[in-house]
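I am attaching a structure below and will ask some questions about it afterwards.
Each chain carries a letter (A, B, C and D) given by its place in the written order, and its residues are counted from 1.
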Amino acid sequence: MPHRSTPRAGRTARALAAAAAVAVAAATAACGSRAGDEATAAESCLDTSGDTVKVGALNSLSGTMAISETTVRDAIYLAVDQINADGGVLDKQIEIVAEDGASEPTVFAEKSEKLIREDCVAAVFGGWTSASRKAMLPVFEDNDSLLYYPVQYEGLEASENIFYSGATTNQQIVPALDYLAEAGVESMYLVGSDYVFPRTANAVINAYAEAHGIEILGEDYVPLGSTEFSTIVQQVDSAGADAVFNTLNGDSNVAFFREYTNVGLTAEDMPVMSVSIAEEEIGGIGIENIEGQLAAWNYYQTIESDTNAAFVEAFKGEYGDDRVTSDPMEASYNSVHLWAATVEKAGSFEVDDVQEAAGGVSFDGPEGTVVIDGDNNHLSKTARIGIIESDGLLHTIWESDGPIEPDPFLEGYDWAADLSVGE
Amino acid sequence: MRNFAQSRLGTLSGFAAGAAVLFGLAPLVLSGFRLGLFAQFICYAIVAVGIGLAWGRGGMLTLGQGVFFGMGAYLMAMHLKMADAEFRSGPGAVPDFMELAGIRELPAYWVPFASPAFTIAAVLLLPTGLAAALGLAVFKRRVKGAYFAILSQALAGAFAILLIGQQTLGGFNGLSYFRYFFGFTLNDPVNQRMLYFITAAVLLAVVALALQLRRSRYGELLVAVRDAEARVRFLGYDAANVKVVAYAVAALFASVAGALFVPVVGIISPASIGIIPSIMFLLGVAIGGRATLLGPVVGALAVAWAQTTLSEQFPSAWTYAQGLLFVLVIALLPGGIASIPKLAGRVRAKNQARTLEATA
Amino acid sequence: MNDTALSRPAPDPVLVCRNVEVDFDGFKAVAGVDLELRRGEVHFLIGPNGAGKTTLVDAVTGLARYTGSITKDGEELRGKKVHRIARKGVGRTFQTATVFENLTVAQNLDIAAGASRGPLTLLRRRKTLPETVTDTMKRIGLDDAADTLAGVLAHGRKQWLEIGMLLVGDADVLLLDEPIAGMGHDERETTGRLLHDIAAERAVAVVEHDMDFMRANASRVTVLHGGAVLAAGGVDEVSADPRVQEVYLGTSDHQETADAAAA
Amino acid sequence: METIVGPLFTGLSTGSILLLAALGLSLTFGQMGVINMAHGEFIMAGTYTAYVTQQIVGDAGVSLLIALPIGFAVGGAMGLVLETLLIRHLYHRPLDTLLATFGVGLILQQVARDVFGAPAVNVTVPEFLRGGVDVLGTTVPKTRLFIMALAVVAVAAVALVLRFTSAGRRIRAVVGNRDLAEASGIASRTVDAGTFFIGSGLAGVAGVALTLIGSTSPTTGQSYLVDAFLVVVAGGLGRIKGAVVAAVALGSLQAVFETYSTASLAKVGVFVVIVVFLQLRPQGLFTLRTRSLA
């Protein structure tokens, strides 16, 4: 019983403390490299001796991001199946090792490390949020492996170990602004979810607006997932801007557009330009609430070309007629093909060889031809403004004159000089 | 057996066995990657020990441990970012993510975190102090039970939202991309192993501290407050103070775990500390046995392991499993796994009694 | 202290209530009660359900807010926190014995004895049991149960343990709320003896329904009715009061029959 | 904002949404001291009820009116099942109930995900609720007026039931003093089940109404839950009056904060105010003062 058997309690605790101290000391004594030493990247365990080669697919299958990321996963599988049917890469069949990122950056970091170090994959496809990409970046750099990231993002990044197949700011935000300016918009209201992409995008927009004489009448952020837009929509309404630039994410869009329609605002008197609403989201918002509004992407399901027709047909054939295709899906589909093309060009799966060969590799994707820019590992892409029509799909109403070279740090734009220090 | 377990010899041999597993067996059988993963799980286990103390022994349902975990993590992450910046561009340099966000001036509150000593002191004191202040405010007014649970949950929610809005703390993306830990490069496997050893040693130390608290007079008093707070007050104790201590110690453990989590995992973001992650900390504690010393540790490790292993094969099934575990363990096995031997003993005794009756 | 205890018939009161009123949203649960408790006396508070007995105890111990004045040894208690009042030596038990069921008898008493311990003592383990704890265990007849979990004690023994907890805590005003509820005959007698034993150097107030127990053990009786004092004095004096017979003693038969039926 | 009408209206509107979400919670919390973390998922069930009804009926207006009672029945039935199968058995462990019902919430979310898919589905707003009404220069959406009216009706209905029906009197008796109520022959178990049915039914109604302004997805309920809890905590246990005042107060507070800072900071501000408020009134705005061991 406790009160009898505890006379030497203090001594036990001291003994334990001493033991712990010794353990720490012992551990510390056996230390590796210190700051300034030559970095020792772990050796890749990639094994290409068999007739298959492994790649990783790392997407959130659970949690809040599963909605979006499962569609990307479908596109990755479709591309891999197509390549395998065509004889594989360097005559090897691609084998996918799938992992769940669970919508959590830490899980992305953990699973990417597992894919690289345990499964010895040649490359990983996936990620969606910037938070997940930021979490994975050091893992890919430390282990010298490759990530193909398929989503438009806020730019300001260029890693040798990441290939960015979605748009950077100058291929989405800037063209959208150009379009609005051309259409005569002189004032804007900015609404976004409170995280990095909207804040960075709005910083770009503010700089652009200042340089182009557009007045920003308000800038509001709501917590991710927030569905209370009464105050904000009232403020938008009374501000009376020419257009709204919307960087809201997920379910917030549903609540925002419902409130917007309900106070009687329409696309005619105050159009909303959205950069995170793709084909899948339109259904949940309700076409009656969003018809006539604008979006900026590089790809729409309605693009008229043989490649796209084939892509859409293949996708629907695989996953069902009720499914739609969207920009991130297309970008991830492209990224698999780009990786395969790069490997073929390099004649090797080794990371160094792939990095070396990547510059200039191109692929005829559903959005048109995309080319890897060897300087920053982004793609040159065509920008498109789409309008939401009653069929629930986006239709191109404007597109850039050919593909735009990627400029993740906006170095080619004078008005953006103050935005970031860059590299 | 009970006596052996509670004797000094029993305690020491228990710790020796724990140390043998953590320092001997685990590094031997686990690959570098798995060992790093194990270190991450151990961080969760350290949080769990604190929850076991506050919830299991003290009856305070702390639904907001993510706040203290997050504080410890962010404090450490700030130091690591400062150290990186200093190494790259000299003292007073702005961390890389701020440069990208266009922040040229180092915010004043970042400056002291250049000092490792200050950082460690902050990790140990700030969350503990916040918990003590909050605990005093809440417990002195006898806000307890469900009210306390909801408040602590709302705190986690508010804290996460607040962090997301802080551009100087990386916003939604959080802080990541750490290169050095107190001068050692983090991507060196030898140093990663060292980090694991430190984490494991901290777990042992935390368990030892919790053990001492449990067996002390304070530990008895804490149980007394849990079971009959009014009685304790009518005996002349300020029950609020008793609770504050356990709450603050739980916060301390969570903070230390967070501080270790950052170099081990390489990222901290608001996603790891909001309402849901905070509740998830409790799952392992409940499964292992909230009122026991080692139950929370075992439970937390088991849940983390199961999540990693099962979620990749059956992502949707894992959510069902999580939900079911909450329901079944809480409803049918409130004592957790730790109570199974006792239950089995009772069943056996009952069977024996029945046999005796039958033969009589 | 012994002097005052022995100098009967009227030693100075230890605890004095003057015009105490407790108001629950307009309902006066206690309406202007005066009460004095003296060392050496076992003072019974009786009255029908809702008479305000327990509420009065709540007021004294700082749980219920009241107007008026309650002093102990001349010091005003009103506005003090529950644990401060307890530290002043005012102890109470509850209608249902409240002990720490997951701790042993010895641990229960050790906690009760330690309200003034400093943090360092608290953070160390208990090496030996304080003498007051071992003495008190004998006094309340639980010396054979030191290592028994309080939760498994028989009902009566829990009540004794709770009284014992007040004793080790050095309370000199004991407010006992129905200490013999649910006890058998022998246990009642033991409890009666215990009350007189501890009342030797303390003031003891007992809230009780059981009239036989009251008659056998009371030094003084206060009858409450509707929140006010109906009568006060010695047992015979109060029993003879016709108002008391009307409102309370008349019903006590029912109460006892009900108790017997339940047992 | 030029006028006071905007924030005032928003406060009332946000408040009425909070109230709808919190009303049922306040009933069950007050009566049984039980925190039902699955309450948010009952709201979510209400939103999907509206969706399914609309798929079957077609006409948005008719389906909304039908969906309200169906939502009540669906939410109520789920509550009843939860009470009977789980909560009843955890009666003396309110904190454990919180965790167990959180588990139930997780499961229900995943069920919704597996049945209806993860993306949000669309519930069309009926024609007569589209657009806004001009009030003193501010456009007030009709959907929000409808929700305000619904909140008033729901509160009135609950108050009437509690005051004038025998079931309501029994509920109040159990809330006031469970032991006494049991002693006077009230079957508190039956009353518990009844309260849970009504409380969860209200969650279903709230869900149906919220489709007018918010999204219908598996995580819909979650976003309302924490705020609803805060309303109950600030309002005081088991007091409908408290829930009403607290909901409107928190809604207005949120609206005012949001007008002058950001929506994110408003959330944090509301939390701080509640902690400070509980310092002053630990038991919430309105409490039943009874003799008890606080």
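Keep in mind that, in the parts below, contacts are C-beta pairs under 8 Å (C-beta built on N, C-alpha and C of every residue); 3 or more make two chains touch, one makes a residue touch a chain.
Quick caveat, the model's predicted, so the values are computed rather than measured.
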Please state whether B-D or B-C has more C-beta contact pairs across its interface. B-D
Farthest chain from subunit A, going by mean C-alpha coordinates, please. C
Between subunit B and subunit D, centroid-to-centroid distance (C-alpha), Å: 33
Once you find the CA centre of subunit A and the CA centre of subunit C, what distance in Å lies between them? 71
Separation of the C-alpha centres, subunit B versus subunit C, in whole Å, is 44
At least two other chains touched by the same residue of subunit A: list those residues. 1-2, 6, 9, 66, 194, 221, 223
Residues of subunit D touching 2+ other chains? 113, 262, 264, 267, 293-294
Tell me, which residues of subunit C touch at least two other chains? 94, 107, 110, 124-126
How about subunit B: which of its residues touch subunit C in the complex? 212-213, 215-218, 220-221, 223-224, 227-228, 230-239
Provide the residue numbers of subunit D that touch subunit A in the complex, in ascending order. 1-2, 6-7, 9-10, 13-14, 17, 113, 118-125, 129-132, 138-144, 212-217, 219-220, 222-223, 254-255, 258-259, 262-264, 267
Of all residues in subunit A, those that touch subunit D in their complex: 64, 66-67, 70, 194, 220-223, 225-228, 230-232, 234-235, 237-238, 251, 254-255, 258-259, 261-264, 280-281, 283-289
Please name which positions on subunit A make contact with subunit B in the complex. 1-2, 5-6, 8-9, 11-13, 15-17, 19-20, 23-24, 26-28, 30-37, 39-42, 61-62, 66, 98-100, 102-106, 109-111, 113-114, 117-118, 129-131, 134-135, 137-139, 142, 156-157, 194-196, 199-200, 203, 221, 223-224, 418-421
Residue ranges of subunit D touching subunit B (in the complex, touch as defined): 29, 33, 35, 86, 89-90, 93-96, 98-100, 102-107, 109-110, 113-114, 226, 229-230, 232-233, 262, 264-265, 267-268, 271-272, 274-275, 278-279, 282, 293-294
